[in-house]
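To keep things clear, I will list the structure first and then write my remarks on it.
Chain naming follows the written order as A, B, C and D, and within any one chain the residues start at number 1.
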Amino acid sequence: MAEFKTYQVAAGWLESVAGALREAKVDVLVPCEEDGCVDLRSNQGLQALPQGYLNTVLPVKRVLMPASEVLLEYERQSSDITLASPQEPAPETVVIGCRPCDAAALEMLDAVFEWDYEDVPYAERRRRTTIVSFACTEAHPTCFCTSVGGSPHNSAGSDVLVYSKSDGGALMQVLTEKGAAFIGKLGPAAEPTDAGPPAPPDVPEKFDTKKIKAWLDENFESDFWVDVSLRCLGCGACSYVCPTCHCFDIVDESIWNRGQRRRNWDCCSFALFTKHASGHNPRPVQSARCRQRVMHKFKYFPERFGRVACVGCGRCVRTCGVGQGLVSILAAMDKK
Amino acid sequence: MSSYKQASEDASGWQPRIVAFLCNWCSYAGADLAGVSRFEYPTNVRIIRVPCSGRVDPMFVLKSFERGADMVLVSGCHPGDCHYTTGNYHARRKLLALREMMSFLGIDPRRFKMSWVSAAEGSKWSAVIRQITDEARSLGPFESFPTFTLQEVKK
Amino acid sequence: MTTVTSLTRSLREAAAQALTSGEAAVVIGYELNDGEAAAPAFVRAPEDAERLIFDESCFGNLAVYLAKEEVRRLGKLAIVVKGCDLRAINVLLRENVVSRDDLLLIGVRCSGVGRPALRKCSFCEVRDPEGCDTVVGDPPEPPPTDPGKRYAEIEAIEELSMEERWAYWQKQLGKCIRCYACRQVCPLCYCKRCIVEKSTPQWVETSPHLRGNIAWNIARGLHLTGRCVSCGECERVCPMKIPLGSLGDKMAKLVDEWYGFRSGMSADEKAPFTAWSPDDPEPGIL
Amino acid sequence: MNNQEVEVEEGRTLLDAARALSIEIPTLCHHRAVPPAGACRICVVEVKGGGRPGLVPACAYPAQEGLVIETDTERVLASRQMTLRLLLARCPDSEVLKELAERYNAEPLPLEQKDDKCIMCGLCVRVCREVIGPSATCFTGRGADRTVSTPYKMLSDVCIGCGACAFLCPTGAIDPAEFCTHPLEKIPNEFNCGQDFRTPIHVPFPQAVPNKPVIDKDNCIHFKTGKCGACKSICPAGAIDYDMEDETVEEKVGAIIVATGYEMIDPAVYEEYGYRRYPDVLTSMEFERMVSASGATDGRLLRPSNGKPPKSVVFLQCIGSREEKIGKPYSSKICCMYTAKHAVLYKHKVHDGQAFIFYMDIRSAGKNYEEFVRRVVKEKNVTYLRGRVAKVYPRGDKLVVRGADTLSGGQVEISAEMVVLAPAMIPSSGVRELAQTLRIGYDEHGFLSEAHPKLKPVETNTAGVFLAGACHSPKDIPDSVAQASAAAGKALGLVSHEQLTREPTIGVVNEQTCNGCFECKNVCAYGAIERKELRDRKGQLLAIVAHINEGLCQGCGACSVTCRSKSIEVQGFREDQLFAEINAVSR
């Protein structure tokens, strides 16, 4: 693997690179604020990024694994079925301004979607997407990346890691070939430098994943689950905003003999998630579903892929309407 | 499906598609009477017979739009004449609520019609259909609504 | 840590009393939380009543828990209700979701939640909950604005042209990711099977595309017409910040203007969609 | 009596005895309701033995053990003959007397003839005193001046105007109206279109079913004043009971046949025809009653204005029918034929009379109908004029009918003595309320709707309700009879089975998903939604859900739409079925 350098750019770099990329028909996604809601959009006008935004509402996940995507279209005539791949291949995409935790989450999604066989739609997009993440300059009380082996400067999953400067300039740490290609678009504006990154903001550790794993191994059956899940309403908000949650549902939307097969986000908190056609539901109550979510992230996933399925972005905590969120549960376990 | 399309197209190409839900006792009989009385009306209306206008769920109307209807009509007995005494009163409340919500969302409420046509009003039926077909034609295809569409499947 | 107000203190006493006397097996109330909203608390022992608080951070409409299976398993429920939450409970009583006998209502006199106070609080008519078993707190000061402003927010939308409204809602509903937080947090969305979960036929497509989202929000809006008590929880918990409240308000305004009906004001009224009058308005019917 | 043994109760009279043997004895002053007075002496019989022999009035003479009576001896006949001769001399025009006189070949005595009607029997006086009570009348004057009158011949305020005296008077000599202070309201006879009058107690019309008298409480003196009671005391069968009340009878029935008939539009709204303004302008119904033998004039056709037969009659058809603006668009169907009939009847009554008929078109479809009309035109030389009448106005004692004759293309002016209008048929008033109660449809005119114009002409949309006659549309008698027979057949077919076959399209609840909110109960018009408890094997209550009573449910589907969890399906109109239809028609 080649040696990658760190570069230095002056203010206005973003506009120029975005312009250059769009010239090359590349889809540029950056955080934009609308109705008090920061999200990744292919920002045409590209006004300056939202000031001091904590993170996007939805993680980068949604670029590579859209909330809903067409897998195929079909038409049936008597016995023979014609299949068709729906649309033109995923466009070249550059995501600028996501957070290291989101980028780090991509490695976990990669693990899932390339594990037993390659998930074509995901892999396609992954190959064509460059991730330019912005290192965090400050931490939110709900952040806990450090508790799950991450950090505000985590470079995992990113192609370029950007350390913004107060003057609008930035330090750019290239991490992959894609990253190098991205810097290439900046041309001479990007000068190599030996300057090191600034000190990361402090994110306190809130729990120890090893202790939690150990506890989970012992406590599949426990009143604890009922107690902590009483307030859970069973919506999918936490999973849908989670950078690592990747459960999906396959639906056919059809009219007569023609239809579309779609992959939509799904969530283990839904009662319907495990409901059988018979009406039987192996996870009949919310406590069982909450347990599943925790178990998956901190027991089953580690057992299969050797790392927890959580990057500590804190979205679940911030999003939950009833103050649930993983951290309180995990912290409680940690105390046990 | 394309075969039907051609059938409904005249020289000018596009023809409005109107889905009509008719109560069995009044409007359906009224439409039948229009037939036996030889009242003419446009062929753009596709009739679905229901026991009562009170059987028409707002979802039926919505689904018709999703499936590409340019206009939806629900027709029942005149107030006071419902075969089931109150079905059309319930229909009136629920379906007008739908229309109000459509309008609030900016979904053209003119696309959704209701009428009271009795079993004896064959002429009114044909008049209503002529009127709303003209309106549907002047409104043009209901493109603003996200209908169910597929790219042509490649063979 | 906020200082314990007299309201909170008397609330804790009421809760502890209910638990010690055995009138209730659990008190559903609010407790402190890192976020800006207090979290629901389920207090099962008198000494735990100290966890309970009541202040302007207590947005939540706890009535939603009355229909939750595992909560009901805990035994007889006592619940801390604001006047506005009580309206939802009235609907639940009417619809036989709970029976009044199985319920201990601890009402709190509320001067509005949120900093600044929520819109709904600025013209609240039910600051003093009626029909509770016990009510705590001092008589609240009257709301700053008059109830006439109730529908001011949606009237702004109604004034837009149809095309503008459509553009607005396409953008808003286009954001929906179908996490169903709105449904789950709604005290009145207690169906054993939501219409969106019915697949034969699939009236509402589950995919979060515009078509499915419009169907979903219209279906939900109509199912709540004449029932929604405008507690605003759906809008508060929506991760995509979709102004869902205005859909509910629109229909509330409709039934108010057409049928002189306001939901949840009492437990024995008939919902507009189950009532009728020969001379109901019928504009535009041919 | 007349050599026959007869036994009667203590206190009965010889007359009763004779009637028991059906021996005919004439009477005038006797009525069973009034104590006998033996005033007229017509009923005399001869006592032959068992008592003091001689002539005695049978009506008053008490029957006794061993009496021997002869009713037709020379003496008896001679006595009756003489009595009659005396009475005839007084009342030569009395029909009753003339008839009796014939039987006893009695000539009037050659005395100074009077033309009185009263035979001084005093029955009126007695009934008033002894039965009704007020004693309004009495005999006044003496000898030749003796008359029945009120005291001092003054108008009487004690007379209640019950008319019992007039009713009993054998010679029709008395009329309370002449001496009663409170004016006796005459009650128009509805059946004869008010062309004559009826008593408060009356038989509604000949061939009424049941053919029994009814008391019209609003006009009955007994119900108004508590007095009178004449009918009760007079009725031989004792059938009259003033305490009877109208009662509402509830019946559970398996079928209902609606046969509410029709009314006629009020022709007075068309002022040009002058109905109600000119007495000689009649409706066809009024004409019909007048020429009917059972009508007010006993079938004599007379001009209301002067009581003389009309020399010319003009019939106007389509009054208010086939008339979009102020009338009815439909054809009343029966007018062409009955007008032709009326023209014929007129010619029969007034041989030299002239009949004119203004018509729009002659609708004579039906067996032998056209032939009949042709015959009327040719043989009865009735003049048919195709056109409308513009105006009817009086000239002298006649009416001028001005109209257009579209065939000759000219104005015609006919001087008529009577004008007969054929108003449009309209449904009976109140039929709309009835239809709403029965949940059957009706058109904008109020005619009831059949379930299908071709295939179900007798049925309505509500199972078990059938139509017969003009409530459905204008119909003549044959059509009405045919439809009525069909309706009866349908009704019988329905109730003749052990079990009722029902439509399978009813609601069914999905108990797995029902929330038990019972909002469906609120919208069910049939009370078909019931509560059902779901229990597990141990009998633990799991849930209370809705259950639909198959017998009550009519399958309207209101519950299905109201159900938010979509837990109610209507068989035959299931959601997946309708979904498929929507897919099919919207593509």
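Here is the rule we use: contacts are C-beta pairs under 8 Å (C-beta built on N, C-alpha and C of every residue); 3 or more make two chains touch, one makes a residue touch a chain.
These numbers come from a predicted model, not from an experiment.
The chain occupying the central position, as judged from C-alpha centroids, is B.
Among the pairs A-D and C-D, the greater number of C-beta contacts is found at C-D.
Computed from the mean C-alpha positions, the centre of subunit A lies at a distance of 92 Å from the centre of subunit D. If each chain is reduced to the centroid of its CA atoms, subunit C and subunit D end up 68 Å from each other. Note: centroid distance subunit B to subunit D, computed from Cα atoms, is 51 Å.
Here the CA centre of subunit A is 32 Å from the CA centre of subunit C.
Multi-chain contact residues, meaning those touching two or more other chains, occur in subunit B at positions 1, 57, 63, 67, 80, 86, 90, 94, 148. The set of subunit D residues touching two or more other chains comprises 512, 523, 562, 575, 579, 583, 587. Shown for subunit C are the residues in touch with two or more other chains, namely 195, 203, 209, 273-274.
For subunit D in complex with subunit A, the touching residues are 512, 583, 587. Put simply, subunit B touches subunit C in their complex at residues 57-59, 62-63, 66, 79-80, 86, 89-90, 92-94, 96-109, 113-116, 128, 131-132, 144, 146-148. Of all residues in subunit A, those touching subunit B in their complex are 73-75, 82-84, 86-87, 253, 255-256, 258-260. Every residue of subunit B that touches subunit A in the complex is listed here, in rising order: 1, 67, 148, 150-151, 153-155. For subunit A in complex with subunit D, the touching residues are 255-256, 279.
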